[in-house]
Structure formats: C-alpha cells, structure tokens
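These are the structures, in structure tokens.
Both complexes shown next keep chain A, but they swap its partner, so chain B is in the first and chain C is in the second.
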Partner chain A sequence: MKFDTVIIGGGLSGMIAGITLQKAGQRTAIISTGQNALHFFSGSFESMQEPEQRVLDLFAEAGVRLHYTPGVRLMPLGTFKESALSLEDVDLFPTPAFAKKVLIVNFTGYHDFFSSFLAEGLEKQGMSCRVRFLNLPEMERFEQSPSEMRSVQIARTMDRVWEKVVQEVRVLLKDEDTVILPQVFGLQDTSVPGRIRQNIPARVIFAGTLPPSVPGLRTQILLKQRYQLLGGTYLMGDEVVRAHTHRGVVHSVATKNLDNHYVEADSFILSTGSFFSKGLVSNPFEVFEPIFGLDVEFKEDRNEWYNPAFKEDQPYMHFGVKADANLHALKDGKPLKNLYVAGSVLGDNCPEFGTAAGKAIRTALHAVDQILKK
Partner chain B sequence: MKLQEYTESKHNFEECMKCTVCTAYCPVLQANPLYPGPKQAGPDGERLRLKDPYFFNQALKYCLNCKRCEVACPSGVNVADLIQSARIKYDHTPPKLRDRILASTDFMGKLARPFAPIVNGVTSLGITKTVLDATLKIDHHRTFPKYSGMGFESWLKLHRKEQAEFPEQVAYFHGCYVNYNYPQLGKDLVKVLNALGVGVQLLEKEKCCGIALITNGMSAEARKHAVHNIGQLRQAVVDKGLKVLTTSSTCALTMRDEYPNLLGVDNADVRESLLLATRFIYEKLEKGAQLKFKPGYHKKIAYHTPCHLEKMGWGIFSQKLLQMIPGVEFTLLDTNCCGISGTYGFKKENYEVSQAIGEALFTQIRAVNPEVVACDCETCKWQIEMSTGYTVMNPISILAEAIE
Partner chain C sequence: MNANEFDVIIIGGGITGAGTQRDCAMRGLRTLLIERSDIATGATGRNHGLLHSGARYAVNDAESAEECIKENMILRRIAAHCIDETDGLFITLPEDDLGYQQTFVDACRHAGISAEIIDPELARRLEPSVNPDLIGAVRVPDGSVDPFRLCAANMLDAKLHGGQVRLHTEVTGFIKEGDTIKGVHTRNRQTGEECDYYAPVTVNACGIWGQHIAEMAGVKVGMFPAKGALLIFAHRVNNLVINRCRKPSNADILVPGDTVCVIGTTSTRIPFEECDHVAVTPDEVTLLITEGAKLAPSLSSTRILRAYAGVRPLVSADDDPSGRNISRGIVCLDHETRDGLKGFITITGGKLMTYRLMAEIATDAVCRKLAVQKACQTADIPLPGSEEKSYEAVAQKIWEAPTTAQKAAASRMGTSAARIRTGNKRDDALICECEEVSVGEINAAIDRLEVSTLTDLRRRTRVGMGTCQGEFCACRAAGLLAKAHGCVESERTDLEDFLQERWKGNFPIGWGDTLREAEYTQWVYKHVLGL
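The block that comes next holds the complex of A and B.
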C-alpha cells in the first residue's frame, strides 16, 4: 500500500501532522501501537508560548475548543503548575489563590479523585474548603465491581445523568464561591461541562482524576474522527517492526499485522513518543530507537541516567532521538532525507521547539511544512 | 545480547504498566457491572491466579473476546488472550447442553441441512423461539440463520473442472456459515476471483475453525479442530503452494492467532498464506490486475469493521476495495463492537448486554442511513440486521454485484 506520508505513532503529534497533511490534500496513514499519552492528558498543554492561529483552528475544526490564558492550573493533588494553552473546560488562574470558599464534590466510593488532598492544598493557599460526597442511584452499579470504578465508566453515566449532579450540588452549596468537580463530564456530549457551569450559581472548576483522562480520551476520539473524516487511514493496534532504507531514503516499513505487505510512502514522520510507548527503549547499556536505529542522545554512564531522589528531575526523561534543524532524523550522524522526527521521541533535542505537548504540536507542524515544501 | 529472553512473560502480561487504557475501550465494562474489566480479569488477575488458582473468577465468562483491549494497549499486553487462556486453564465446569449446541456449528449444520426447509420453518416459528428461550435459554429475540439445501462444498464440486482450468489457483476455507447457511457468499467469491483469472479449490476436508468451541469452554474439541485444519492448510500451502482465503474475519483470526496463542497449535509455516479474501484481491489489483465494473452502478455503503478484523488490522483492505468501486458512496463507521460476539449474544443472560453494547453502532448506522452496511463477519451481520433492519453484505458480495 502506498501513501504520500506515513506517520508512525498516533498520539497528539501524529494526529496533528496527519490532519494537517490530509487538509493539504495528501494521502496519509497513521500506524499506532495502541493508544497514547492523550489518555493521561491533564487538559492543559504544557506550553507557555502563544499558539499559531492554525493550531487553534485545527482543534476547533475537530470540535476541541482551546483557550490561551497564561497562568496556573490546579493539579489533582492540590498543587499548582504554570500553564497557558488549555481545553475549554480546564480553568487557568492568574494566581493560586483563585477563590475564597470552595465546595469539593466527589462520588461515594470513587477513589481516583483525591478530594481531601485537594482541600489540603487549597487550604494552604488560604481558601476554606468543604468536601462532600454524592450518592446517586445510577452509580450503584459500580459497587459490584469497585476495582473498575474509573473515570471513563463514570463519565459514560454522567453524559446521561449530569443534571442530577447539578441538582445535588445546588442543594449542597451554601456560601461557597467555587465548586470543584472531578473531570468526568463531557466524554461524548462535549456541551455538558458548559451546561453544568451555567446551571450552578458558583464558579465550577473541573479537577483531574487518575487515568484514563476523560478530557484526554475525548480529545483523542475527536482528533481521530477528524483525521478519518478527512480521508486519513488510521491503523490502530499495529506496530512498525522494520524499515527499509536505501542510501539515506526510507522506502517502506513492515508492520506486525500486515507482515509481508509493506507500507510505502514518499515521506515518513516518526512520532512514536518516549519510553512509555516504546519510541525509546533502554537496556542496561544503552538507550535506542527501535525502528530505524537512529542516533539517540543519552549519557554514557548509566549511573547518570537516574537521580536517586525520586521526585527530582530525572535525566533519562531528557534523552531522545537526534535531528537536524529541519527535524530530519539522524542516523550515524547523517540526516535521513525523508524521515522527520516529531513529539516526545525527540527528548530535549531541538529545544527551540519548546517542551512537552507544545513541542509535540510545533514539531509536527514544522515537519509537515518541510514535507509540503518539497 | 538477548536481554529480552529473561523478561518475557506469557501473553506479555508483565509488560502491563497498570495504565488502565484498556478499561476505557472494553465494551462489556460499559454494559455489564458483573464483569471485572480487562485489566482486573487479565494481567492483574493473572498475578493472583499464578499464586493460587482459587483466584480464578467465573465472571471472566462475560469477556466477549473482542480483543479491543489488545488493540488499545500501548504496552503490547495480550489482555484478551490472558483472559481466554485463564478460562481454558482454570474453568472446568462442563459446558451446558445449550452451549454445546451453539458451539457445534458444523455438526448442527450437517444435521440440519438435509431438512433445510423444515428446519428453517421450525426455527423461525414464534413458538419454537419461546420454547428454546424457556428450555435452553437461547434468547427469543434471536433468529437462527437459515440453512441452505445445497451446501457450498457440493456446489463447488460440481464446478471443479472449470475452476481447475484457471491459470492461477487458490484454496478457500469457506467456514460453516458459507457452507450451511449462505453459499451465495462463496459463489460471489468465486465470481470475483474468476474475473481475476483465479480458480477456486476446496481444502480436502475442513472443519469448523473452532472459535465457538473455545469461547464455550470446549477447548479440547477446539484443539482437535485446530490440529486437523492446520494439517489441511499445510497440504494446500506447503504441498501445493497455494494461498488459502477466507471470507470470515473470525475464521481468519482464529486460525492465524488463536490456534498458536490459545490452543498451542503451531501454524508458523502456513500463517502468512492464510488471508482474508479482500486482502488477496486488493493485493492483486495493486499489482495491476483489473476488474471490469458495471457502468452506472451506485450504492451508499457504511462499512463496519468487525472486532476481529480490527485486531488483525486488515480492515483497510476491505475498506479500500469498496472505495475503489465506481459509484460507491462510502462511509467508515466509528469502530465499535456490535455486541453479538458469535454465540455470546444468543444466550438469554447476555441479550440485554449485547444490545446495549451495540447501541452506539446502531445509532450511527441509522444516522448515516446507507443502502447497505458492509461487514466481513457473519455474526455482526445477524446482529446489525436484527437490531437496525438494515441489510448487511460482505464486501465480496458487493464487489461481485458491482462487476460485469
């Protein structure tokens, strides 16, 4: 099968590249080994730079509305982190002291939302907090299998019964100016978070839960739908096992599912992510990129990979594939002419593109620009 | 340096990072609170079961074996294989009479076919459905597939000579459904392949692929089928140098993946030669073969990717083939389970869950409002036709209809 561009890795970076290329009239395929980091998405892109208009447009066309409000966001354990570009239902504040009195509402038996930690964190900022638990009859079914009472299962129920939550919260609400709810709303019906806000007479903040992330899953579903609607071919659950390269040009890749049916393309984008999704792999001696054997920046001495203080910055998180200024992948010090690298597989290489999700977006667009220039 | 050697685990279960992504894609978890979910039933439960079989949970029977957890897993854990293997290893409850009947698709086919008109008449009667529901707990909403008087095997044997004259040959694993219930699909395949200059042969003697035996707790019987079928495939592939095609995505998945992974039957020498017919045809056309399409053909088609085809990753071949037909208006439906999962949905205790799982798919089909739904799986066809009223056609049949 032949495409104009094949994108290896179907996360944020891969889908941004795929959507942009399809819009430009290319025929593309995305090959993805299972689901991706969007399932752990906080709802806020870790990027302070102002996004290009085309980024906002791309998300809006997929049905994902973003806002750019430099400030801090509330983390799941009641701490704060600098953020700027976020999903519509994730609020950003100029300072951590964003309210005076807060009502934190959780569901009975739901252990993936840390209401008491949240309260403790907010009290440190001088806010007074009250934590209350809701008992909805619709939630009783989860008690039969409490180990699977997870964000996504609750969210599927909440799409139907969110109005009951609103009613209950209105009863609970006393003089609080702000209500905090877990991020379990608007999985399928994206209008729900907005309607909850309209119907509760206080500011409503949605705070993070343990994975899977509901806003992340929603973003994944919408971006993938948009990509497929534009005619893109998304091969989910497949894995590139081998690449065929000749004189610095990649011709085709072989995948686990398609065995001897090679996938050919004029250009390739490598957006396989970091260690979690096996874009980078390590053994006791080295860190390597498993598909093409690209050059990887890492420390020779294994003792320098880790910081024994667990919570500190870990050096291995900065390792990544080397690329030139136009994001051509480097192999044995030389650029591969039609292979571009995007997203977190780059590690801290190419720092001019920023970090984390911001980098995923910017590198994807830069790679696409190079491909379309040809 | 073979480091991986020391970190391998059966069905990759130690690769599980507890990320919970699988739980977001399990169709059963959304509909049946009694099911512990793929993470708990799969890798989490496996750690406990390895310590003590006491921890085996009967609720694993609610797993559909749709493999959507495996497609979603970012770490390559074969979650569904873990669950099905645990059922094979630890569940020694003898299957109920009903499950034996539902699982024995080829035995029942042999029995019923000579009396096809009578059997079809009887099974479609309301009273029969009521009795089956009350006695065997086969849900009365279900309609049994009709049996065909002349099996596909007998039909192809009549045409053996002319098929042998084609310069290129393939073998066809038709499966129970084509032989006993719907020979037309097999005839459609023969028409399309003949148009490409390819003649069709039968295997010397095929047996049911055995998927229903596996999921109904009859793995010993399933293994016998597997050993027999792999022997048959070897005759075709190794001795005669033929490719073997199927028109059922589940037959293909079972023989390619379930045989080695669940039943321990090695198929390494034949696996790559066992193809879904749409993949074979797509590859022929890609290499320059031509099909002559009828002028003025028009059809609005919504394509549903069956779970097992999603797992194999071959849905693209069926999709691209349909999109190649001039006059086809094509919509790719979102990937969702239809809920029937072979014999699962026929069981009374699963009926409601089965329909709840399929609802997202049914709603989308109604919204698209196609002339036909295309799909490579016979049980998806029954489920979608019963639940939406839309006609479901195998892509091969659509292709056969669209060519001269």
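The block that comes next holds the complex of A and C.
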C-alpha cells in the first residue's frame, strides 16, 4: 500500500491533518488505535485565540459548529473556567453570574452528572437553583445492568426520545430563566441540542458529565465521516508496530492488523498523543517514543517527574518528542526529513504553537503546510 | 451520670483500640473510643495484611510465634469474613542455605505451628507463580486478613454493645486531679468543636503515637519508629502466601489479598517527626521489585498499583539500628504501678495478628482497676459479619441467585451484607466498577460504619482501591456522601483530599500504565470536570 501521507494517530491532530491533505488532493491514510483525547474532550479548545478562518471552515464543512466567544464556561463540578473557541452546545458567559434562577435536571440513578455540585457552585455565584430528577421509562433498561447508566448509552437513547425530555422539563419549569441538562444529547443526530433549545421556553445549558464525553465523541464521528467522504483511508483499531527508516527518511511502517504488509508513503505525521494514548511510553528509567525511537525531552531523575501535590502542575505532562521549527521529528539529534510531529506527543516542545487542543490544531496545519510545499 | 462520662476511654482507632473497645464493651463497660483521624489509618492499615502462622518468628522469637499461631486459629473462627485461608509457603532459593530449613521446621513445631516440608515440584504445582528455581519448600498455615474490615467489624461490635465512637477527634490534653487521670480534653478536627470526656480509666492504644500521648499524660514510653515500605500489585499473582525460608529480611513476603497482592517490607529507623508523613523512596521501590521477583518472577512484569509505608510500634529495647531484633512482643503498662499515675494504661508493641490478645490483656487491666469480674469472650463470639464461614453461602442465603457484585459485597461484609438495600435497581447501580461496589453497599456503610470522608469510605468498602484508583468512582461516591451529609461544599475539599491521598501512593511507582492512568485522572479532574 502506498500513500502520499500516512498519519499515525486518529485524534484531533491526525484528523485535522488528514482532512486538510485530502482536500488538497493528497491520498492519505490514518492509522488509529481508537483511543484518543476526544473521548474526554471538554467541548472547548484550549489556547485557541482568534482562530484562522480555515480552521472554522474545516470544522463547519465537517458539520461541527463552533463559536468564538471569549468568556467563562460552566464546569461539571460547578466551577468556572476561561475559554474561547467552543462547540456550539458549550455556552460561554461574560461572567459566572449568568442567570438568576436555574433549574438543574438530572436522570434518576445517574451518578455521572453532578447536579448537587452544580447547584452549590451556582448558588455561590448568587443564583438560586432547583434540582429535579426525571424518570423516563426508556431509561429503565439501563438499570437492568448496574454499569449501563453511562453517558454514551444514555446519549444513544436520547437521540430517539429527546422530545420526552423536553415535555418533562416544560412541566417542571416554573419561573426559572435557565435550565441545565447533562451533555448527553446529539451523539448521532446533531440537530438535537439545537431543537431542545428551541422547544424549552428558557435558556438551555448543557453541562459536562464523566467521560466518555458525548460532544467529544460526536466531534470525532463527524471529523471521521468528513475524512472518509473526502476519500481518506481510516484504519480503525490498528497500530503501528515498527517503522522502516533509511538515511534520515521514513520509507514505510508495519501495522498489527496488516501483518507483513508495509504501508509506504512520501510523508508521515506522528500524532499519537501523550501517555494515555501511548504516544509516549515510560518505564522506571526513561520516557520513550515507541515507534521510531525519537528523541524525547524528559528529566533523567525520576523524582523530578512528579509534583507530590496532585493538583499542582505535573512535570511529566510536559515531556514530549523533540522536533525542529518546522516540526520535523528529531532522532539522535538529527531531523527525519519526512516525519512531522503534531499534537500532544510534542509535550512542551515547540511552545510557539500553544498548548492542548490549540496546539493539536496548529501543529497539524503547520505539518500539512510543510508537506504541501514540497 | 452525664452523657460525657464513661467507664473507660480508649484513645486510638487502630485495631488495638477497636479490639479493646469491643472487649470492654462485651464485658459490660460503658466505652468511648477517640481517634484523631479515621479507623485503621496507622500501622493497622499499612502492612501486608498477613495472617501470620507465626512461622516467620519461630526461630528468633518463640513467644511471638506461639501467640501468632494461637491467634491465627482464633481469628479463623471469629473473623471469617475478614480472612482468606490461603496457606503459605516458605521457599528456599539456590542462594539460600537449605540447612536452615530443618532449624526452621523444628522451631515451628516447637511453637505449635504445623510445618510440612514438601517437594519443590509439589510447591510449583500448588503455587504456579512461585520461583521455579526453588530447592526447598515448607507449607504453613499462613493466610491473609483485611485489616480495614477487621477494624471496622470490631468498632461495629463495640457500638452494638453500647460503645460510642468519636472519629476525627483528637485528644488535646488530659484532665488530671493530683496523681489521677480523670478524663480527656478533645477537639473535633472537622468541626473544631471542643469537648471533655470523663472516665476512671483511660487506655492509650495509639501505636507509635502512644509515646506522644503518654508524654501528654506526664509519663514516658520509649518507642522505636521503624518504617516498612510495601507495594501493591494490580493482580493476584499468587494464591498462597510466599515467604523466604531464611532469617527475616527485606521484601521477603508476598501476600495475596482480594484481587491484588502485596510485597514487603523494608525496615528503616526513622525520626519521630516523620511518623505522620512517611514516604516511599525510589530505592525502596527498586529493592521491593527486585526482591519480590525472586519470590514470584512474574511480579517484574505485573503492574504496580500503589506504594505505601507504615510505622511499626515497637517498644525500644536496645540500640539495634534496624529494629528487626526487637521483640514484636506485647507491652501493657499500668502507669499506676510503673509511674505512680492512676487511671492510665498503655497497650503497645504487638502486631495486627495479636490485636485480640492485646485487647484482652488491656481489658483485664481495666477490669482490675474497676473491680469488674467478667471473663473475656472475644475468642469465642464471632464478629458481626462473621457468623457464617463461607461468603458464597452468605450471598446465596440473601439473594438466592447472587450476581458477582453481590458476591463481592458478601465477601466484604459477610452476613452484614443482608443489610444492603436491594431488590431495587437504583441501589444495585455500581459506583466503583473495579471493585463492584454498589450504591446500596455504600449507603449501608454510611449508615453503620462512621463514614465522614471519601477516604473513610474507601477503608470500609474498597471504593477506589481498584485498578483505576478512584478515577471515576471518587466523584460518584462524593455525590452520595454530599447527599448523606447534606453538605456539598465540604465534599469538594474531600474529593481533592481523596485524589491527593491516591496520588501519594501512585507517584512513587509512576511509570507505565500507572502513569497513563494518572495522566488521565489528572487531566480529567483539572481540565474536564473543573475540580
């Protein structure tokens, strides 16, 4: 198999790169293990100030509607966080005191949506809150098995029965100006959050649940559909086991599923994520990049990897693969000519691209620009 | 008589204190237990969880060995739901002296411990994880014991016998009249509330912290703080306890327990100031893994869940820098005869295995002071939850066709599992998926077992003890606690404390999958949930 570009890692970064390259007429493949940071996406893109039009267009064409409204967003435990670029169903407010009277609606028996924490957080901001629980017959089947009451299972049902939620909320609603619902709407049918808003006579806000994140999964589904519609080859549930490199050039990679068949390409993008997605792997002595054995920036003394305080910044989270200014991966101090690094596998390297989701998008686009310049 | 007057006040909510309260309460005394933190937070909850046969002490400390085997047999009867009767092996490796085996077996038999030399081939069959290079093996009646469960059951039984318990309450001073202790001043560390309690006898059962309490009372008890570090692995690789058949040394015991196994321990003398925050060092971690892999080679490729350390409450005897040669023997001091201070007893030394005997000795001393003549019954009457021996039978009796989660609950609570609200799907919903802990079990713990924080709840139910280390269940359980206590604000801090406590045990072994899990948890709580 021969491609123009092979992208290793199907998270936000890999998907953005794949879509952009396909649009530019390239033949590409994305090799994805299936686990990536979109599964616990908060709905806001961190460090994404003044997004370029082409970023907004790219998401819009995939059906992911974004808005850029610098302000604060409500977090699932009732706190607030500054954000700017967000998914359409994540609201941003100029100040935390965004309402006067709030109705918080949860489902009976659903422990992954923190209605009492939300109420307490909002009351601290001077809002008055009422928490109510819905009992829908459609939810009863989740209670058959004690671990079924989770965001994705509920979201699948809600695509069908969201109108019942609207009816029940309308009955519950008294004089509240705002209703808060869990983010379990619009997994497949993306029109649902908007239609709920149209049909409830109060402002509707969707607050996050425990992962998996329904808006994150929806974003992943839409980006993947867009990529495949553009003719991209998405190798789901596969992983690269080794790479063939010669004189500073990557020729091909071998994957677990395509046993002994090398996937060749002119260019490669490494967007395998950090520790969670196994883009970075650690043992008691070192942190390494498992596919190419690239140079990794990390502290030699393991005592310096951690801050003993859980809530403080953790040094290990800044470790990552080294790259030059044009994102060429470094191996033994030398750049690999056709291997580009994008997203969180970089750690804190290349800080000019920002952090988190913002960095994932910017580095992906920069890598793509380099590839298309050739 | 006033509500704050008792027959006996027991300071310390470890297994010795809880056991002493149970014994005193069963002999009809009005008891109060005061603990500055939660039950089982000191050495009680920071050891192997080994149900010693006594074999480990047989050669060097015959007295301890005899106490161990006697208590071992008693605990099998009275604490069935806290005990796993696994048996144990003492293995000889090629680098060990096989000649020691006979000395060991003779000493065991002398102490009344059944010790059977078995063929290495049989040992490999009985315990497939054992180092296949072993050249000798002896089978002994070791087992494993859940110290949290044991401590909670003792406290519960004391309460069922009218005892009162004040957790998260510290003793700030003694009420003294002349040469007599009349009571204690206390302060609740959560509410700040101060309260005085009175009793003709006060028992100091504070383990290593007993030195400080004794000082506060005006007497001197010299303790020897010896730190022991241990590692918990994420799988139960062995089914029998594995020990090295040689003189006791570092990291030579591997104990299976629930779904995990524990390797330990080290022994290092530490200064007193460190007792409240002992940390496991990278060197200790390396030593534990290296030595552990000699017992069961698969440990070197098994994920480590957590590192932790405890402080043994040894009583100073000589200048031995390691603390290993000090007797683990029980020390009961009547300060009236020893120091001329009336109404004050210290019970210390000993170990988890001999807690019941320690409690009996302490209670006998209390009864002598109060001129009460009642015999001890703690060796005969089972603890609440232990009335039936097999948890499977218990689960079947309660649920007819129990689910795996219900069986897990029965294995944790024994017959007390009958108190879990059930038949209602909402109570059956799982909060902790790793350990299969349901809403009903958590509410049952909140109802009867003095739970005020998430960490307390973990000690009662194993919530957050599994492979995810509380990543998801912590905030689910926080929601239930907030509801039960009617306070959300404090629950937010509690959730932070719980995650901090988990991280403390994770970062010393923070690599591989542990680091992956930690990165996920840290990212989710900070950036997604907004803690």
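Simple rule for what comes next: the second predicted complex is superposed on the first by the 373 of 374 C-alpha atoms of A that agree within 3 Å, B and C clash if a C-alpha of one lies under 4 Å from a C-alpha of the other, contacts with A are read in each partner's own complex, and residues count from 1 in each chain.
Methods note: a contact is a pair of C-beta atoms (placed from the backbone, for glycine too) under 8 Å apart; a residue touches a chain by one contact, two chains touch by 3 or more.
Treat the numbers as computed from the prediction; the structure is a model and nothing was measured.
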(message) One more residue to check, A:Tyr306. First (chain B), second (chain C), both or neither?
(response) second
(request) Scan A:Pro211 for contacts with chain B and chain C and give back first, second, both or neither. (result) both
(request) Could you say whether A:Phe40 touches chain B, chain C, both of them, or neither, answering first, second, both or neither? (result) both
(message) Quick check on the superposed pair: does A:Asp89 touch chain B, chain C, both, or neither? Answer first, second, both or neither.
(response) neither
(message) After the superposition on A, what does A:Glu239 contact: first (chain B), second (chain C), both or neither?
(response) first
(message) Contact-wise, after the overlay, does A:Thr255 reach chain B, chain C, both or neither (first, second, both, neither)?
(response) first
(message) Just to be sure I read the superposition right, which of the two partners does A:Thr79 touch: chain B = first, chain C = second, or both, or neither?
(response) second
(message) Applying the document's definition of touch, where does A:Ser282 land relative to chain B and chain C: first, second, both, or neither?
(response) second
(request) May I ask you to decide whether A:Ser274 touches chain B, chain C, both, or neither, giving the answer as first, second, both or neither? (result) second
(request) Touching chain B in one complex and chain C in the other: list those residues of chain A. (result) 40, 144, 147, 210-211, 276, 278, 283-284
(request) Spell out the residues on chain B that touch chain A in their complex, using ranges where they run on. (result) 1, 3, 17, 19-21, 23-25, 29-30, 33-37, 39-40, 44, 70-76, 272, 279, 283, 286, 310-314, 316, 320, 332, 334-335
(message) Could you list, by residue number, the parts of chain A that touch chain B in their complex?
(response) 1, 33-36, 39-40, 141-142, 144-145, 147-148, 150, 152-153, 156, 210-212, 217, 225, 228, 233, 235-239, 255-261, 276-278, 283-285
(request) Could you pull out which chain A residues touch chain C in their complex? (result) 40-42, 46, 75-81, 108-109, 111-112, 114, 116-117, 119-120, 140, 143-144, 146-147, 149, 208, 210-211, 213, 274-276, 278, 281-284, 302-303, 305-306, 308-311, 314, 316-317, 356
(request) Write out the stretch or stretches of chain C touching chain A in their complex. (result) 282, 285-286, 405, 425-426, 428-431, 433, 438-439, 472, 475-476, 478-480, 482-483, 488-489, 491-492, 496, 499-500, 502-504, 507, 510-512, 515-516, 519-520, 522-524, 526-531
